[in-house]
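Heads up, the next two complexes both have chain A, just with different partners, chain B and then chain C.
Coming up: the complex of A and B.
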């Protein structure tokens, strides 16, 4: 199994992301025994209420990766219109192009085998800065973001501080 | 087990004095497996992928992974030119990288004697020549040309260098080079000697043609063209397997096909179809290859698939691994129903009634856990909560939809 396509490609991606990490992002397998479970740390983008925060997330890869996308779940508190209350990230790049339950995502934004962990994490980072409230995963957060932006931002900042143990 | 250090990657070039080779390295890799192209195939939309990678993608969703144009495996064509480039680059890569790394050490390490550096530059010339053709050999001595050939085999520039020390003959070299001790270095591409600082500028416009001494080149050219012919430019004669229209085949007929193909025919119909698809991909990509593997090797690869994704895969994968089954979306779409069912089941547990049997069935159905023995009414609430992690739910207890409180605790 060690030489399966999926694990080979995950090693390759691990190598790339270690040698040349995008700014504000680190990621790698939790243990080298199981290359299919990764942990990622994303820095809150500057100029957003997430600034200054470090957000841990867990990525789980299917055995037929890269044909099918991984799933991503924040393991910290995350108050965001596109993150479910349980931490699961809902973003078009993580959705396989086959079926579109929400009927709003362009095929070009969806998962394709040529995408990568790096591109997912960069997309998630920009999602933090610019939520997409067309089909929110967390309806309450989306409503708050739309209607009471300052409360939303305070909530996010409080989470950031809590995450840093302040 | 693979180890991270065994994986070559375009980023290997970034810390060396040759970071511009990173995009070259990357351009020679398949975007699906991120490794160097293996039996590259070109699609109708003119994108290139490894044969096996693109065949798997096409059998999964019928579209090119790069542009999402619809395409069919039968329209794939080989891309021999890329294959040739990849193969020569793969041969040259370890040596070029080694030289680049050493040069980096020299630059920020202690000064190295000029002679040592010069020898290395000649070695670069040697390996490029090996990879790209004999023209560049024109200014090499015969002994160096020979060394270059051995270098391709040993792939080890260090050994090459120490061997070279024994038969290193400055006087012999003087026949071809103006002066070994003239403070000049040869261009790694054409071998022309020039001042060290001029080399970089020169490389940019070097066309690989040495200025003179073509007689030696002629003597080596036949070898090179011979080696080019080792790679058959004509397709091998293994016929491709046709894809089957599974819906037209009854189970018995399908299994008979499997016997004819010599692949295992156990398992459910769904598994049979997935196995056949995998086999057709493995077989046809092997048929594309210029160096096909044996049937036994292919069967071993199928067995590997069987154990990682097929019928012998660990049970938790079997659930969600139907190709187009989006477990996450399904789980998310039905979360409210799950919660509802769990709530009701809990309520029912507290107030036992005659309708339980029916409820229980619905709950089990929603969880898609057919293996679970039909739960006794008393176990229902417990087993529902326990089964949830199968849908990649968090390990925390299930919440009842009150998001605000949850994420602010």
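Coming up: the complex of A and C.
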């Protein structure tokens, strides 16, 4: 029962995001045989070192979606303060309320069933443009972003080119 | 006078006991490690969970979690894996959801596996130590389309993606067609980005 709610909701979100995709985002299930695993492509925001890049990520939804948020993992080289070295994205919208050990995230920013895949992807896109220095998932990247911004930007730009096979 | 309170006391104890056993499953997650040693946990849960000791946790699982989260202590990882029945996924989700792992009691002394890599400290170079991912062209098998699109873009300003590209329906009632359309949109997005980057390179060289 619960899983049919989840799959219906995911299917509906798939249709919405297909018919009216946000700028620079393509997302959908890897295969419809398993609607709980999606792949998203996110375009790097303009005016940032990520500009021009396409960043693939995998979203995994729990069976009790939308009560619980999905997890999101970049499947490309992603050098960013809020992305773990293994690609896992650490952002408040992916955290359920009540799971805030640091007490800096507002409840409104966190996951709730009124959020959606589209909102997650848009949030992640703006996260690329503006890292949150308060909760570094990648301490090295956070330090580089803070102290050696030009090195950070070069690294990101190199990854952009590498991702496009250039 | 003396009888009534004693009955109430028994009732209260009975209710407390029943309530305790009824909700302990639900609350087990929040129990502090000090209130239950590992042995009492496995004994009380009636053997549906095997009685672990430190060595029962699969070292490969510990290693897997440790590689994902280099900041975590292996002992804490083992403790969490042991408590959730060895589920890497449960531990991963716990960490990702921001709940920190419990600190195991001092009596928990597992045989810590040798870290496979030298040390999970800062890499000497600025390169992150992680497996490199294949680029998108390789991943989506687009190498043939890359060269052809590069030629089109050099001859024509706008690459021809077929007439009426804008009007093409994004959603289809047919599952296979839907899948194909999604695939096509992904490929177009990647190829367009690559073309743009190549053009930028050319412009950069020309100036």
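Please note the rule applied: the second predicted complex is superposed on the first by the 163 of 166 C-alpha atoms of A that agree within 3 Å, B and C clash if a C-alpha of one lies under 4 Å from a C-alpha of the other, contacts with A are read in each partner's own complex, and residues count from 1 in each chain.
By our rule, contacts are C-beta pairs under 8 Å (C-beta built on N, C-alpha and C of every residue); 3 or more make two chains touch, one makes a residue touch a chain.
These figures come from a predicted structure and were not determined experimentally.
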{"item": "Combined model on chain A: chain C and chain B, fit or clash", "value": "clash"}
{"item": "Touching partner for A:67 - first (chain B), second (chain C), both, neither", "value": "first"}
{"item": "Which of chain B and chain C A:161 touches, first, second, both or neither", "value": "second"}
{"item": "Touching partner for A:112 - first (chain B), second (chain C), both, neither", "value": "first"}
{"item": "Per-residue touch tally on chain A - higher for chain B or for chain C", "value": "B"}
{"item": "Partner chain(s) touched by A:134 [first = chain B, second = chain C, both, neither]", "value": "neither"}
{"item": "Chain B versus chain C as contact partner of A:52, first or second or both or neither", "value": "second"}
{"item": "First, second, both or neither for A:77, with chain B first and chain C second", "value": "both"}
{"item": "Touching partner for A:9 - first (chain B), second (chain C), both, neither", "value": "first"}
{"item": "Chain B versus chain C as contact partner of A:32, first or second or both or neither", "value": "both"}
{"item": "First (chain B), second (chain C), both or neither touched by A:19", "value": "both"}
{"item": "Stretch of chain B penetrating chain C in the combined three-chain arrangement, among 62-70, 170-178, 260-268 or 332-340", "value": "332-340"}
{"item": "Contact residues of chain A, present in both the chain B and the chain C interface", "value": "15, 18-19, 32, 71, 77, 79, 84-86, 88, 90, 94-96, 99, 101, 138-141, 155"}
{"item": "Partner chain A, residues of chain B touching it in the complex", "value": "1-4, 7, 9-12, 14, 31-35, 52-53, 56-57, 60-61, 63, 65-66, 68, 304-305, 307-309, 313, 317, 320-321, 323-324, 326, 328-329, 332-333, 392-394, 396, 399, 401, 403-404, 406-409"}
{"item": "Complex interface listing, chain A residues touching chain C", "value": "15, 18-19, 21, 26, 28, 31-32, 39, 41, 43, 52-54, 56, 71, 75-77, 79, 84-86, 88, 90, 94-96, 99-102, 138-141, 144, 151, 155, 160-166"}
{"item": "Residues of chain C touching chain A in the complex", "value": "67-71, 93, 96-100, 122-123, 126, 128-130, 132-133, 135-139, 143, 146, 170-171, 175, 178-179, 181-182, 185-186, 189-190, 193-194, 196-198, 200-201"}
{"item": "List of chain A residues in touch with chain B within their complex", "value": "1-9, 11-16, 18-20, 32, 60, 62-64, 66-68, 71, 73, 77-79, 84-88, 90, 94-99, 101, 107-108, 112-114, 116, 137-141, 155, 158-159"}
